[in-house]
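Just below sit the structures, each encoded as structure tokens.
One chain, chain A, appears in both complexes that follow, with chain B as partner in the first and chain C in the second.
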Partner chain A sequence: MSLLAVDQLDVTYLTRKRPPVQAVRGVSLTIGPGEFVGLVGESGSGKSTLGNATIRLLSRPGEITGGTVSFNGQDITALGEDRLRPMRWRDISTVFQSSMNSLNPVMPIEAQFRDAIQAHSRASNGQVRKRVAELLTMVDIDPSFMRFYPHELSGGMKQRVALALALALEPKFVLLDEPTTGLDVVVQRAILERLRVIQREQEFAVLLISHDLGSVLEFSDRVLVMYAGEIVEEQAAADMLRHPRHPYSRGLLGSYASPTAKTIAITYIPGRPPDLSKPHQGCLFAPRCVDAIPLCRMKAPELLPLGDGLVACHVAKMRAEAGQLPEQQGRSWRTQAAGAVFTKHTVAKDPTGAEDILRFEGVSKLYTRRRGFKTTLVQAVDDVSFVLSKGHVTALVGQSGSGKSTIAKLVTGIERPDSGEISFGDLRVDRLGRRGLRDFRKHIQMVFQDPYSALNPAHTVLSTLMRPLINHKGMSRGQAQSRALELLETVGLTPPERFGQRHPHQLSGGQRQRIVIARALAPEPAIIIADEPISSLDVSIRAEILELLDGLVREQGIAMLYITHDLLSARLLADDIIVLNEGKVVEAGRAEDVIANPQHAYTQLLLRSIPNPFVEETAAD
Partner chain B sequence: MSMLQQGETPTVSDALPLDEEGAVEQQTRANRRFRVPGWLGILWENRKSRVGLVMLAIFLIVAVFAPLFSPHDPRSNDFAPNLDPGSGHLLGTTTKGEDIFSQLVYGARTSLIVGVVGGLLATAIALVIGLTAGYLGGTVNEVLTFFINLALVVPILPLIALLSAYAPGQGLWVVILIIGLTGWASGARLKKAQILTLRSRDYITAAVFAGEGLWQVIFREIMPNMISLVVVGFMGSAMGAIGAEAGLAFLGFGNPETISWGTMSYWANNQGALVTGQWAWLLAPGLALSFLIMALTLVNFGVDALGNPQLREE
Partner chain C sequence: MIYFVRRFAVFLLTLWAAITLNFIIPRLQPGDPAERIVRRLNPNSRTVDPNQVEAVRKMLGLPDTNIFEQYLQYLQTLVRGEFGVSYSYFPFTVTHMIGQTLPWTLVLGAVTLFIGFVVGTLLGAWAAWRRNGPFDSVTTLGATFLGTLPSFWIALLLLYVCAFKWGWFPVGGGYSGDAQPGWNWAFISSAFEHSVLPAVSILLFAPIGWILGMRNNMVTILGDDYTRLAKAKGLSERRIALWYGARVAVLPNVAGLALAVGGILGGSVVIEQIFSYPGMGRLLFEALRDGDYPLMQTVFLFIIIGVLLADLVADFLYGVLDPRVRRGG
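So, the complex of A and B:
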């Protein structure tokens, strides 16, 4: 019998201001005891809504408007909160992305466990302490940390504590909603690996929600793919990896590739999910689907058994009926894949031919950090040297805290180094005064990590783009306006007149990031610093932004410093890679050499941490 | 109302009519045509503050068109003294023979002038100090924060009374000035707190890279995102100013020649309205003041929505 059974579930957000949004529509799923199930989809596809609905954690204005949820044979769809409360934590528990921030800041770790454990059992303090030690050890944290307060732990440690807390009462079912998103790649991997081991030992069931299909495929037994509030495909993880049948699943999988391959092609899915407050006809994916046929726009496909899984797609069904098994297509789906493709070949470029733009020589920066009465010195950057050259991308790769952002601040002149030289032609960036800095910014621009915070919500796109043109290029308003429209076209936002009038909230994440890029291009800079420009974007559109950056750098001869913790994207975009660890350069060289032949243990660790569902496959190649 | 669509849970916000180009265009065009300020729209959403806004509008109309609403000149003392309500005078007459209702109508004018001007003054000071402290940070912030905290702990009403007793001249404007100069502290603290959060946004760094100077960053990038907070601060200061003026006048610290609800109560009290049984004279100015304060309080109920950080940024 299944532990959790969801049948024909509908969830609607009823807001006064806007028409109701049907975030989950007619979803059915079951999870057996001890099963590890993954749920993937783009942001906005309804993953969290579905997850929260299955454990009755929906908050207003979300409401279950149809269907049932049963747990352990009991219908909990309409159960009152007083009857649900005893089940929470004991039978069902959760970890969210923000769980690490919801630990009580004024209580030591041990006390938080004690409250939870003693609320549900009659354990003595001594027993509790023993259990806490056990739980912390389980998530790879030394038991001595139980006396610490949350703020004394790093983000990754806090998230582990949140996980241990969720598992404290040995629940039968755990909902994990983006449990590692926002953490460092290395930490992400460590947590998920540990979780999988514990889950096998204790045999609780898991629903792992993530937008990162790569890691979900690696850790789950079975994967559900969600699009626009519906499940469009369900398969065992191994089958999904080898032959995804739904075009959307193929599109999501297309954004992964092995960084070590000679030629890397990653795909993206142009377009965006539909507005769920409007009535629809036919397949909701049709406007973005490369396989779509006329039938798709008329009739919605049903989720039907296909092979060993379930798929909702007319074309996949027809292919299967015609005896065209995906197995026979072999791996070709990856190259003929869904959507647009960004391909990067290993071409031997001549690194000596390019003109040097910026030299960073033997730079060090020491920060003094004061905490209470203790002062600690942090060597944020330690004797780092590199050169940025025209038309080249240099990637700075490293974990969080490795000093990447500090280097960005030094290059742009926001911070001054303690020693070393930073020179832009004849200009010494490390010696610039206030006025000099302002002039220097004509030549150096930034692309930010979070496009939601990088655009002022109060201004239209056009007025945002006109400012640098007026300030740096001395253009009149009229000139600036026509140039701004050209820039919009350069970054692929057409028709530019239409986009120019919009405010940031009327744009998607990918479109916003294009505006941010257009703004950086406005003063025709010699250097662009891109600090994690794709890490806050959905996987389905990352390749699109990488392709845009790649094209611009080559065409306009810009020197780019690409800051990231993601080696795959570094490999895709960069000519050179510099690996940074604790402020020191541990490895540097041509991108393909560094990836193909990592020398330093730290680079190897980073490489292993990339979620890559195709590892086995590439190993077999 | 653009601001409502920002930063909600991703599941909902992605369902915006983004593909429906037409819808967005229409919306943008509509916004341009009507120009209803966003904060007013949000206040109107709330039932309580809608009632408050209507009440406020009535007071405003009465104050602006006072000559039309008052049957007599409020200063004329040609009438028989101590008349009861009715008798040709809606609320009766004072011991000096002035028409009480006319005074009440003109009193609205005084109160609103005090509220608007005093509120504006306090808001402007709060804005300058809050912006400077929050944006520049460092030593400037520490010094200004010291003054803000100092101003916060000083009891305001006695200070105002003291100042107005020694102030040169006795006019209403002196009172307004004093009220404005003393009532900025809490507003300044709120604004500083918000700027500290706004300052760390990437779009501020981006503006610096776009070549904007200090004042451009403050007025172009930060200010537009603080309109709601400024409106809220203004309401609070206006309310404080109106109350303070009335209180001062009632205690006899104001200029007794001004016609305001405070001076009316002062005279009513002074001339023994209680003894002569002229309830209307005694109660009317107090009631009018309570209604005005109530209107502002009701409006402030809707301010919760403005105070929500997700809605605050337009």
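So, the complex of A and C:
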């Protein structure tokens, strides 16, 4: 018998001002005891909503408007909170999407375990302490941390604590909603691997929600793909990897590739998911689907058994009936484009001859960090040299805390080096006075990680873009406007007139990041510093932004410093890679070389940490 | 620990700055206070008798030494609590006047503040816990509506209706003339009777800020992930409401309470004036009206010290209650 059974579940957000949003529609799924199931989909596809509904933890105004959820054979769809409470944590526990914020800021870690444990058992404080020590050790955290408050732990530690907390009562089912999102790839991987080991030992069932199909495929037994509130495909992880049948799953898988391959092609899915508050006809994916046929727009496909899994797609069904698909073994399906493609060949771009823009020579920076009466010295940057040249991308790769951001600050002149030289043409950036710096900064623009906070929500796109033109370039309003429209075209937002009038909240994440890029281009900078520009974006649109950046750098002859901890994107975008560890350059060279033949242990670790469902295949190549 | 030491150092520094400013500002004013007093004593004569001025100066203890010695003397008198003679209540000393009025203001202010805080915070917490229910709507709307009314106007209305019209309460003052101030029943009951109207007019408005503040903090916190996690843990409603909701939501209110204690002296002017209440607010008003500099200066000093002390206590409390501040600072 299944542990968790969801049948034809509907969840609706009934907002007062806007029409109701049907975030989950007719979803059925089952999870058996000890099974590890993955749930993937783009942002807004309803993953969290579905997850929260299954554990009866929807927040207002979300409501289950149809269907049932049963746990261990008991229908819990309408069970009162009093009846649910004894089941919570004992049988069903969870780690939230933002588990960084899911710990009470004013309670020590131990107390947060204690109240959960003592709410369900008669454990004494001493017993609790022993158990907490055990649990923390299990997730590789020293038990002495139980006396600490959440803000005294790093993000990765908080996430491990949240995981340990979820396992405190040895539940039968754990819902993990993006338990590692926002963390360093290396840390993400370490946590997920640990989780998988514990899960095998203790045999609880897991529903792992993620937008990262790569890691879900690696860790799960079975995968559910969700699109616009519906499950569109369900398969065993191994089958999904070999022959994904739904065009959407193929599109999501297309964004993974082995960075060591000679030619890398990653695909993305153009367009955006539909608005779930409007009525629909036919397949919801049709506007973005490469395989769509006229039938798709008229009739919604049903989720039907196909092969060993379930798929909701007319074309996939027809192909299966014609005996066409599953025999395509290996990665052959990937050659049929499942969306737009961003291809990167190993064509040697000769860096010699390109004009040098910025030069770092033997730059060091020491920070004094004061904590209480103790001061510690931190060598943030240690004897670093590199060159940014025109039309080239230099990737700066390293773990958080490795000194990447300090280098960015040194480039912009916000920080001064203790020793070494930073020169911009004939200009010594490390010696500039206040006025000199202001002039110099016109040549540098930044693109940050989070396009949501980078834009002023009160301004239209057009005025966001016109401001730097009027301020820095001294243009008249008319000139600025026509230039702003050009910029919108450049970053692929057409028709520019329509996008110009919008406010940030009316744009998708990818579109916002395009605006941020357009704004960075406005003053015609010589250098762009892109600090993790794609890490907060959906996997399905990352390639799109990389392609845009790549094109701009080459066409406009910009020198780019690309800061990241994702080696795949570094390989795709950069000509050179510099690997940084504890402030020192541990490895540097042409991107292909560094990746094909990583010397330093840290580079190898980073390479291993890239979610890549195709590892076996690559090894077989 | 560092946090507390640092906060205390800042407190001492600001206190010193305030005291020094209090010394400097009156001395920047033109004119001789002794001469002013003499003019006030003989309003009809057009000339001033220099001998009389000299006599007054001696009597007031006005110094003619240089400014640094004056400053030292000023600090000494502060430490000893000697603030000189009041001009308008001559021959009473400033210390005497303040000793007479301070208890009235403190008792009225502290009691109403405390009641307002407790009632307001509880109402706010309950409204947040039952948010969007009828209790919440009534409380929030009621508080917001009351907040838009001018408080002095309500006080005047109360005074007119309850004291003049119906004669339920005395019209003004702190106690009736036939009671002997001290620990005797006649005095205490009379003082209580006199304080009812001022207290009610303060209490009508006092909880508003606490209600709205508490409700808004707590509603946000109840929507926060850690409160949702508390629910997922299967904790009892009470524990969630108190330890996850109210415990965190009350922090800004507690800090606000400490600050409000510091504001008691300064905030009492209007109400005490309306009810002719013998407190420090009224004293300040009169000192301002009469140009009684020593009195003014001292009352201001008390207000400043009150505010600074309260600020210090607020920060300490915050440090104790909120671990994030303690180690972060």
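We adopt the following convention: the second predicted complex is superposed on the first by the 613 of 621 C-alpha atoms of A that agree within 3 Å, B and C clash if a C-alpha of one lies under 4 Å from a C-alpha of the other, contacts with A are read in each partner's own complex, and residues count from 1 in each chain.
Here is the rule we use: contacts are C-beta pairs under 8 Å (C-beta built on N, C-alpha and C of every residue); 3 or more make two chains touch, one makes a residue touch a chain.
Note that the structure is predicted; figures quoted are calculated from it, not measured.
When both complexes are superposed on chain A, chain B and chain C end up clashing with one another.
In the superposition on chain A, no contact is made by A:399 with either chain B or chain C.
Of the two partner chains, chain B is the only one touched by A:272; chain C is not. Touch criterion met: A:49 reaches chain B, while chain C stays clear of it.
After overlaying the two complexes on the shared chain, residue contacts for A:215 are found with neither chain B nor chain C.
When the two structures are aligned on the shared chain, A:454 is found in touch with chain B, with no touch to chain C. In the superposition on chain A, contact is made by A:506 with chain B only, not with chain C. Once the two complexes are overlaid on the shared chain, A:89 sits against chain C while remaining clear of chain B.
When the two complexes are overlaid, the chain among chain B and chain C that reaches more residues of chain A is B. By the touch criterion stated above, A:104 is placed in contact with chain C alone, chain B being left untouched.
Annotation: chain A has no residue touching chain B in one complex and chain C in the other.
Residues 1-7, 9-21, 24-25, 28, 201-203, 205-212, 220-221, 224-225, 313-314 of chain B are the ones that touch chain A when the two sit in their complex. Residues of chain A touching chain B in their complex: 13, 15, 17, 21, 23, 43-44, 46-49, 271-278, 287, 412, 438, 441-442, 444-446, 448-450, 452-459, 467-468, 471-472, 498, 501-503, 505-508, 516, 519-520, 522-523. Of all residues in chain C, those touching chain A in their complex are 1-2, 223-226, 228-237, 239, 243-244, 247-248, 251, 321-324, 327-328.
Only residues 55, 57, 59, 81, 84-90, 92-94, 96, 98-99, 101-108, 115-116, 119-120, 149, 151-152, 372-373 of chain A touch chain C when the two sit together in their complex.
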